[in-house]
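Consider the two complexes below, in which chain A is the common component and chain B and chain C are the respective partners.
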Partner chain A sequence: MVTFVIRRLVAMVFVLFMVSVLTFLIFNVIPNSDPAVQMAGKNVTPQVVEQIRKEWGFDQNIVVQYGKTMQKVFTGELISYNNRVNVVEEIKRGAPRTFSLAIGAALTWLVIGVALGLFTAVRAGKWSDSLVTVLALIGISMPVFWLGALASYYLGYKAGIFPNGGYETFSEGGIGGWVQHLILPWVVLATLFIGVYSRVVRSSVLDTINDDYVRTARAKGLSERRVLVKHVLRNSLIPVVTLWGLDFSLAIGGGAILTETVFDLQGIGQYLAESIRRLDVPPVLAITLFGAFFIVIFNTLIDIVYAFLDPRIRLQ
Partner chain B sequence: MAALPAGSLFFEKPLMATSSDPATTIPDQDPSEILTEPGGGKPAAGTGPWRLAGRRLRRNKVALAFGALFVLLVLVALSAPLFANHVADTGPNTNHLSDVITIDGEQKNVVEFDGVPIGPQGLAADGRFVLGADRNGRDVMVRLLYGARNSLFIGITASIITAVLAVFLGLLAGYFRGWVDAVISRGLDILWAFPVLLLGIALGVSLSLGGLDLGIFSIEGNSLWIPTLIIGLVGIVYLARPIRGQVLSLREKEFVEAARAQGASDWRIMFKELLPNLLSTILVFFPVLVANAVSLEAALSFLGAGVQPPEPSWGTMLGEGIDLLISAPHLTIVPGAMLTLTVLSLNVFGDGVRDALDPRAKVRLEH
Partner chain C sequence: MTQSQPLLDVQHLKVDFRTEDGVVHAVDDVSFQVQPGEVLAVVGESGSGKSVTAMTLMGLTRSPNAKFGGSAKLRDLDLVGATDEQLRKVRGKEIAMIFQDPMTSLNPVHRIGAQIVEQIQAHEDVSDAEARDRVVKLLERVGIPRAAERVDSYPHEFSGGMRQRVMIAMAMSNDPSLLIADEPTTALDVTIQAQILHEMRDLRERSNTAIILVTHDLGVVADIADRIAVMYSGRIVETGTLDEIFYDPQHPYTWGLLGSITRIDRERPKRLPSIPGSPPSLLAAPEGCHFRPRCRHEFGDCVKYPQLEGRIPESPGHDDRCWLPVEEKRKRREIAPGQIGLEMEGATA
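Here is the complex of A and B:
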């Protein structure tokens, strides 16, 4: 077990390092443009451009630049090119909003996905099964930002059931206001995964429902409900639990960015979207880096937790 | 996603063999899997696996209908200039800010003075502004059709790029093993570490700053090839791993040994012997790859890191439309509906292809 953990941690550190190098290269080597010129704006003398280049260290050796950039990112001193705002402060401000969205959505899709999966498996072949399967496929195929826009237009603006976008912290609106502003984003972000999970759970339940131990449970006279929940579902949830952690980090690095933008939650994703429009490199670099770091570290932790729970994984 | 349980996406056996390659046909297949129809029909002896798969797909009417829908969408996209030149009489990037059109004898501004564009007119304006106008007075129907061209071009081309590169890398890694495999697999691990959308955004921003200049060929910052290449590149991880896993097990089979005994070179074995056996995997993945590429294009363009304005794509149209959601919801609803329809048709058709070729394959691409 100790060797397993050490091996995973060493691999993690290697991947983190390579991720930081690749991110740096993407923003500092691939672009066919000069950041100093971009920052200086239009109608400036070459001297001004030269001065900016010196000031920001664009004239230095690439390895030195890499070191300096990483130092700035992790000490929280990275400054945006366009409006000279501290990037790391902005990310810290947005983080609770992004995580509120992602955690709530992850719980939503877990509960609804498992419930729907169990429901459709029990009714396999009936029309309600087909209906849910069709809805799940539609849910998987809808772009999350489009669904979000439709939801906020019809349920928020037209029907007035939900607030029209925006975010309320605990101190502003209490827990009620917080939930009220997040409930629509949660469901929208969860929709894609509800579709995926209901199908995973459905096939997993159908796989186990005919197993001998389930027949035994029925034979000893347990109620159908107890058989389903305590015996079938428990075993069917293993693939779901494995997926869940991975999908949570995926939602943070993917769907959450798009959902936030639509609902004006002012989290990290929306900051990223605004920075893209301004072609402002430092925020995009920092968010890409933090996003990838979060995923690598989170996935390593999940791996280790699973290895604790299931000894077979350690031996692989 | 370094933590994906190893083997979950891998195929343990050669799945489908071409009938021209007798060494690979029957022996490795579990006869009940291949020869029996899913409904428990009689074994159909003497029929090739491809023909069986075709028969199974033909029987799946829903999948076929959605496949036909996708073909229809492609045809509609290809006919964009016909509609633009002969019906709507305008181009996708032509502004009609100060135009006035007559509907039922009533004069209407294409874009009102407060900036609100006209809504869908149906056929009331003789084919102009069938789906309304956007804030620059551009014809939404025309932009939608040209946007379909761009979105579908990017989706299909990017998936071809993905398939070619992933199969090549998977073949190299699986066939040569050793350090080649180590280099390719670690490289893919690092790509996995990035969320696909974030990697796409990062590349999209850095490439659209000044285009790509590799000396021999250069691409402008606003070219369609930039999102195409990016989406093609980030998709590789999905396909390269399963291909590698399959090659790892295929290379131990007798037909490879036979080819080697006949003195076939490594390249010949890889491309003449192994590649045909990978075809079914590639076919199973391809529709889903296209669906994913179309979705990713939309997400990138929506955020401004994909197709660059004024060029239309469903993603850019959504990105522009969502700012006017309250006053002109048609700008959001219309391109999103097309996008959903396209991705849905590919997903359902892809499901059918998978069921026909290899029901056990676990095709799951993350968004």
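Here is the complex of A and C:
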């Protein structure tokens, strides 16, 4: 177990290094991405551009540039080329917003998705199964920006039940304000995943429900409820854990860009989207590393949880 | 053996499954009785309906696509007509079951002990500690070494034979009056088979548990059974005591079954003996006797539906479904002096 974690941590360093190199290189080959030109603004003389280039070190060897940038990432001095604010400070501001969104939504879709999946599997072939299946497909098919805009407009702007976008910290509005601002984003982000998870859980349960040990459990005289929860669900949730860990780490690393943007939560995903649009390398690099870090960490956690869920698996 | 009140009385049991291709008559009018403490072997080839019969007694074939007929009375409770809750109370307590494949019959994510404790506590109000003690004793009884430690092992830490012992311990945990063993030794090595049979014999001697042993292995049957029911194509074609079936078989299918055993005490045949043809589809079985298309002794009467009845005057307990007169059967089944079995090319007997 300890060696497993150490090995994973070593691998993580390598992954983060590769991710940072690739991100850095991509922005060096994109046309019109010369940071000196961007920073100089409009209507400037080439001399000014040249001066900025010298000042910021954009004329140096690319390896040197990469090294200096990475150094700033870790010392927290990384400055955006675009508006010259401290990137690490911006991420610190955005992270709690993204975490709040991701944790709430991920729990919502896990609980509801599993419940619906089990429900439909037990009623497979009946009309209630078909109904939930249709609803799940609708949920999967609805684009987040469309559903989010509708929810925000009707329930927020028109009906006034929820605030019209934005985010409130605990200190600003207490738990009530925090929850109130997040309910719609949670539901909207979770909708797609509820659809997906209910389908995955349904098929996983149907795979398990005819297994020999489930028959054994019935033959023991257990109640149907106990058979379903202890024997069927317990085994069919093992693959779902992997899926959930991946989806959750994506969302927490800034992957919920659309939801954050539609509700103007100003989380990391939204920051990433804006930075990409401005071809602003420092924040993109920092956020990509941030996201990759969570994905690797969660993958390791999933593997550890996996070994607990399935005793046949040994960590090596 | 007293013929007073049987432990299990199955009368005209029918099981039909609706499938996309039509209705499968998996079990077609099966009747038999099991006395307390008796071992009844149900033999037949794959698809003969023996497993479905066994599972139906446990209610494990219940599904929206299954249709049942007849009755199966365990003392006073009809297992076919029982509600799910009535059945649940009987399962594991009155009737226990051991399945064919011990490798997949235990839940891989729960500890062995917990899986047995679960069954005990489903029927009796006992504390965890008490149930655990009982489980350790049960595991010791079926020959699991260091049972007190192994009770916390997971199934994958056990071999197939050990897992089947665990299944037997589980089956015994509530002292059932009937044990249904569905091919309990098929998936095991021959040496392990003997040990498992020994455990079952032990169980029967110690707690007078009746056993229904579903198998296609006549060697296993000869070892342990009191009576035999031979099934073919969803029906019992012959039923009698061990000696009656082995030494005075009446149905040509039984002759074939007996003849297809390879024997160490006889000259080696050029080819392994087998019954020619294959069993009929249960979607559209032939009229009359189901064995008719594969039977070399077929004659006019065979298109009529043969009832299972005692056709041998001197042994009333021995029933079969063949229309041939008894004398004729005795003459035809002999392939060599004193030998019963298959008469076919290559079988030098």
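In this text, the second predicted complex is superposed on the first by the 270 of 316 C-alpha atoms of A that agree within 3 Å, B and C clash if a C-alpha of one lies under 4 Å from a C-alpha of the other, contacts with A are read in each partner's own complex, and residues count from 1 in each chain.
Convention: a residue touches a chain if its C-beta (ideal position, glycine included) is under 8 Å from a C-beta of that chain, and two chains touch if they have at least 3 such contacts.
This one's a predicted model, so the numbers in the text were calculated from it and none came from an experiment.
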Kindly classify A:V73 by the partners it touches after superposition: chain B alone (first), chain C alone (second), both, or neither?
-> neither
Would you check which partner chain A:A106 touches, where first means chain B only, second means chain C only, and both and neither mean what they say?
-> neither
With the two structures laid over each other on chain A, which partner does A:V296 touch: chain B (first), chain C (second), both, or neither?
-> first
If you stack the two complexes on chain A, which partner ends up touching A:G221: first (chain B), second (chain C), both, or neither?
-> second
Give one of first, second, both or neither to describe whether A:V88 is in contact with chain B, with chain C, with both, or with none.
-> neither
The answer to whether chain B or chain C touches more of chain A is B
Check the residue A:L309 against both partner chains and state whether it touches chain B (first), chain C (second), both, or neither.
-> second
Looking at the overlay, what does A:V281 touch: chain B (first), chain C (second), both, or neither?
-> first
Kindly classify A:L237 by the partners it touches after superposition: chain B alone (first), chain C alone (second), both, or neither?
-> neither
Touching both chain B and chain C, residues of chain A | none
Parts of chain A lying in touch with chain B, wherever the complex brings them together | 11, 15, 18-19, 22-23, 26-27, 30-33, 38, 137-138, 140-146, 149-150, 152-153, 157, 192, 196, 242, 246-247, 249-250, 252-255, 257-258, 261-262, 272-273, 276-277, 279, 281, 284-285, 287-288, 291-292, 295-296, 299-300, 302-303, 313, 316
Hey, which residues of chain B end up touching chain A in the complex?
-> 1-6, 186, 189-190, 193-199, 201-213, 221, 291, 295, 298-299, 302-305, 318, 322, 325-326, 329, 332-333, 336, 339-340, 343-344, 347-348, 351, 364, 366-367
The residues of chain C that touch chain A in their complex are 58, 60, 64, 84, 88-93, 96-97, 99, 101, 104-110, 118-119, 122-123, 154, 156, 167, 170
What part of chain A is in contact with chain C in the complex they form?
-> 125, 211-213, 215-224, 226, 230-231, 234-235, 238, 309-312
